[in-house]
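Please find the structures below.
Each of the next two complexes has chain A plus one more chain, namely chain B in the first and chain C in the second.
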Partner chain A sequence: MKYIKLYFQYAKLSIMSKLSYKSNTIIGIAAFLFTEITSILTLFIIVSQVPSLEGWNMYQIGLLYGITNLAIGLDHLFTDKLWNVAYFEVRSGTMDSLFLRPIPVLFQTIALEIQLEALGEILTAIFLIIFCSCNLSLIVTFESVLLLVVGIIGAALLITSFKIIIASMAFAFKRTGPFLQIVYNFSNYSKYPLTIFPKIIRFAFTFLIPLGLCVFFPVTNLFNPSSIGINPYLLVAIIIVVTAIILTLAILIWSKFAKRYESTGS
Partner chain B sequence: MALIEVKNLSKTFKKPIRGNGLLSMIKTLFSRKYENIEAVKDVSFSIEQGEIVGYIGANGAGKSTTIKMMCGILFPTEGEIIIDQKSVLKHRKEINQEIGVVFGQKTQLWWDIPLIETFKILKAIYSVSDEDYKERFNYLSELLDLKSFMNQNVRSLSLGQRMRADFAASLIHNPKILYLDEPTIGLDVLVKDKIRKAIKELNHHYNTTVILTTHDMKDIEELCNRIIIIDKGSILYDGNLEDIKFQFGNIKNIVFPRFEGFDENKIKEFNDKINIEVDENIKLSFSLNDVNMDALLLMLIGEYKINDFKIFDIGIEEITKELYAKNEETKK
Partner chain C sequence: MLKMKKLKNSLSKYIPFFHAGLKSTLAYKSQIYGWMIIGVIEILFIFFLYQAIYRNAPEGMNSVINGLTFYEMILYGATSFIFGNAISSETGWNIYVEVRDGTVVNTLTKPVSYRIRHLFTCFGQAFFQVFFIALPLLVILYGIFIGCGFVQFEPLQFILNIVFFLIFLLLAILINDSIGYLIGMLTFYTQHMFGLNMFISSIKTFLSGTMVPLSYMGVFGVIFSYLPFAFLASTPILILMGKMELLMIFIYLTIAIGYLILLEFINHLLFKHCIKKIVVQGG
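Showing the complex of A and B:
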């Protein structure tokens, strides 16, 4: 309870700081809007040249793309500070003050920043989802929506977990930003239908980095439930369990590496 | 039972040995040899509630490393720190509730928002009750004169204002222990004075235990009843300030520019216990126990017509040097 209250207080301060640099924030949001719109247009131009891709039409691909981007955007909005940890904060020793507070360092790291730039991503994703849904006849039932919502939250938490794991390695190696960038870029693959990829990537995205599990199957379920071959409620349970396990693992790894934090000389 | 007990504390940093130049740096990518740098070696001391202790030493002596381990920021290689009968390593969060820290070089305030917001969130972080918060907030903002800039953005504060604010922020949860790592660095005399007064007042009012590192001898003289001197990671001296001042204290230095016709022997004749160093300047150092400074000055002014000179007390660096030399001697 204390932490929920505290989170909102941190969030308020973060937004206040962001708003003290108004134009910077607006430019940031606009930049992400622009990047997203151009990449969506590119996608549509390419996909519109082929009648269907492994049985997926343009709107279905757009929907999958939007759902994945929504998950990526949510992670971006809430946990952007982890990038700073991976790139600079350990090296410059600015995390000292976090280690001085009687609350968990990871909580503070995440609560310290609400990255408003991510609104650019989230807005385009929502627009894309609505636009594509209107052009598709989707099967909207309680279970398909539940699966989708759990899938989106699960995907966002998975991205966060991998960010936590790699950022925490910075406590030992000082700078893991470039490595984080590589792993983060992998999440782009789940914007496209899993079935177009070779088996190995399909396997990796279902079992190793189960983003496909969280996004691909729930979206497929919206127009072709029979093809996923698994009960939607069971899938919901699997996503929750898998995400919980990976997130817990990430937190454990973080607290292990955090013991190796060495401040800088002052 | 003492409030703080530091037992056989050591910290060793492992550093890869690097040569100079690009080629040898590339070499180190393939074969890594490490050297161990012992920043703190087997340090032990204990501190009682209500003490003000100066923890001093030259740059790189291991002061900040010790303080950081005592705060729980840095994990010791060996040894143990027990605060209020709890090990710092195992109870970081509980210990953090009991300590306040000010690093002179790093601020803990929220940078882009009004100062008052930092206090509000610290109240929530440390779960300070409304009543206590009000009392302390008023007391501290009065003591450190914060009212006039409470609603300004932290980034627009001057260094002096920021230090005072940082100081107050570290105390809002009424910690039992306050660590001050060079709290007066870069401040002007007036602000230094205000901070010193506040430290004294606070120690009196809340019985807060204060541990401070500094290079400013005046900080030590005005505040500390006990000092711990550390050099190259080991403790050289732990005890009363008066004693050490008596040992080395009364030492004065007189410095004036070198000039033609200066004769060392004349000074020696005057008193052979005066130590003379000649480079660009001439430096005379002596103990007031042996030398009558008034007579010496009269002689200098009378004989040499010197009108440009400085007199200063022995610095902590010199005391450390002397202590170190003494230590080496006794080892032999």
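Showing the complex of A and C:
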């Protein structure tokens, strides 16, 4: 309870500080919005060259893209400061103050920044999901919606977990931002149907970086439930367990590496 | 003769800025490895995506989509990634940092042109990016594609393509740096770079044909091919791949030079306005 209250206090401070530079925040949101629009246009231009891509039509691919982007946007909104840890903050020693407070450092790192620019990403993702859903005959049942919601939250938490793991390594190696960028770029693969990739990449996105498990299967279940070959409730349980394990592992790795943090001595 | 000597003397004072640009790029060699790994991921992604597109096209992998075969499309994508890095410029960010930190006044008080100073820093950066990364990678890439018979070029025509490509590469570096400088000038007003940079990056990526060739965009693609952004990817790459007629090359060459002059003129006017507006905190 104490941490929930504290989180909202931190979040309020972050939003207030962002809004004190209103024009910058608006430019940031608009920039993300515009970037996403051009990415979506590119996607549609490429996919429209063929009637379907491995059995997926343009709107189904758009839906998958939107759902994945929504998960990425949610992670971006709530945990953006991890990028700074990976790139600058350990190196510059600005994390000293967080280590001096009697509150978990990871909690502070995440709570200290609400990245409003991510709203541009989230808004375009929601628009794309609505637009594509209207052009598809989706099978909307309690289980398919539950699977989708759990999948989106699971995917967002998975991205956060991988960010925590790589950012925490900066405590030992000072700068792991470029490595985080590589993993982030690799995660873009999950915006497209897994069926277009070779088996090794499908395996990686199902078992190693299980973003495909969280997004690809729940989206497929919306229009072709028989093809996922697993009971949706069982899939919900698997997503929850896998996400919980990876998140716990990420927190443990963070705690271990955080002990190696040393100030710059300036 | 005397004029040439005078020009040489006046430009020689910018040589240290060329070295600074070169050294700053060399100092971040480790970033190059990161960029290469990202490049492999991106190019593999392009490969898998277009493989699926061509596999699902009516004539399968032998299809020609918007004038490009499957291997030509992969070659376009890979060239576009390498080219994008070769012409990248830090000028916009460098100006922003100077504006933010107030160090811009130090350079304004010196007897050097602010624009030429940044241009020489960009040349230093580009020198390393072009001669030590992009050109060797392009030689390997085209060597593999030609050697394996994925694409075919008539030798003499290909040499001519390379010559024109190098001219357009230089123009792309200059146009991209001019755009970077323009964005840098805007930070005098916004005091913020991240959003602006993201904005212009997505415009450049989309309108230059970096992600998808402009021929995929129908009539819009034709319009976009006449905008300055097309010279940052589409036009030079299509020239190298032998996809453009000689007459069109000369037309685009004239347009590119025209845009460069226009951009520099706008930059000149903007700079004159910016230095009247500048406020440095703390003095």
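Convention: the second predicted complex is superposed on the first by the 266 of 266 C-alpha atoms of A that agree within 3 Å, B and C clash if a C-alpha of one lies under 4 Å from a C-alpha of the other, contacts with A are read in each partner's own complex, and residues count from 1 in each chain.
The rule is short, and it goes like this: a residue touches a chain if its C-beta (ideal position, glycine included) is under 8 Å from a C-beta of that chain, and two chains touch if they have at least 3 such contacts.
As the structure is a prediction and not an experimental result, all values here were calculated from the model.
Undergrad: Once the two structures are overlaid on chain A, check if chain B and chain C clash or fit side by side.
TA: Fit: chain B and chain C sit side by side once superposed on chain A.
Undergrad: Quick one: is A:Gly229 in contact with chain B, with chain C, with both, or with neither? Answer first, second, both or neither.
TA: Touch partners of A:Gly229: none, neither chain B nor chain C.
Undergrad: Look at A:Lys259 in the shared chain and tell me whether it touches chain B only, chain C only, both, or neither; answer first, second, both or neither.
TA: It touches chain B, and chain C stays clear.
Undergrad: Under the stated touch criterion, name the partner, chain B or chain C, that contacts more residues in chain A.
TA: C
Undergrad: Does the superposition put A:Tyr21 against chain B (first), chain C (second), both, or neither?
TA: Both: A:Tyr21 reaches chain B and chain C.
Undergrad: Check whether A:Lys5 is in contact with chain B, with chain C, with both or with neither, and answer first, second, both or neither.
TA: Only chain B is touched by A:Lys5; chain C is not.
Undergrad: Counting only touches as set out at the top, which of chain B and chain C does A:Ser97 meet: first, second, both, neither?
TA: After superposing on A, A:Ser97 lies in contact with chain B but is clear of chain C.
Undergrad: For the superposed arrangement, tell me the lowest C-alpha distance between chain B and chain C in Å.
TA: 9
Undergrad: Need the overlap of the two footprints on chain A, from chain B and from chain C, as residue ranges.
TA: 21
Undergrad: Could you please specify the touching residues of chain B with respect to chain A in the complex?
TA: By the definition above, chain B touches chain A via 13, 60, 64, 68, 71-75, 92-94, 96-97, 99, 101, 103-106, 108, 110-113, 117, 120-121, 124-127, 153, 181-182.
Undergrad: Per the contact definition, I'd like the list of chain C residues that touch chain A in the complex.
TA: Listed in rising order, the residues of chain C that touch chain A are 30-31, 34, 37-38, 41-42, 45, 48-49, 51-53, 55-57, 65-66, 190-192, 194-196, 198-199, 201-203, 205-206, 211-212, 216-217.
Undergrad: Could you pull out which chain A residues touch chain B in their complex?
TA: Residues in contact with chain B: 2, 5-6, 9-10, 13, 16-17, 20-21, 93-94, 96-97, 99-104, 259-263, 265-266.
Undergrad: Would you pull the chain A residues touching chain C in the complex into a rising list?
TA: 21, 23-24, 27-28, 30-32, 34-35, 38-39, 41-42, 45-47, 49-54, 117, 178-179, 181-182, 185-186, 188-189, 192, 196-198, 201
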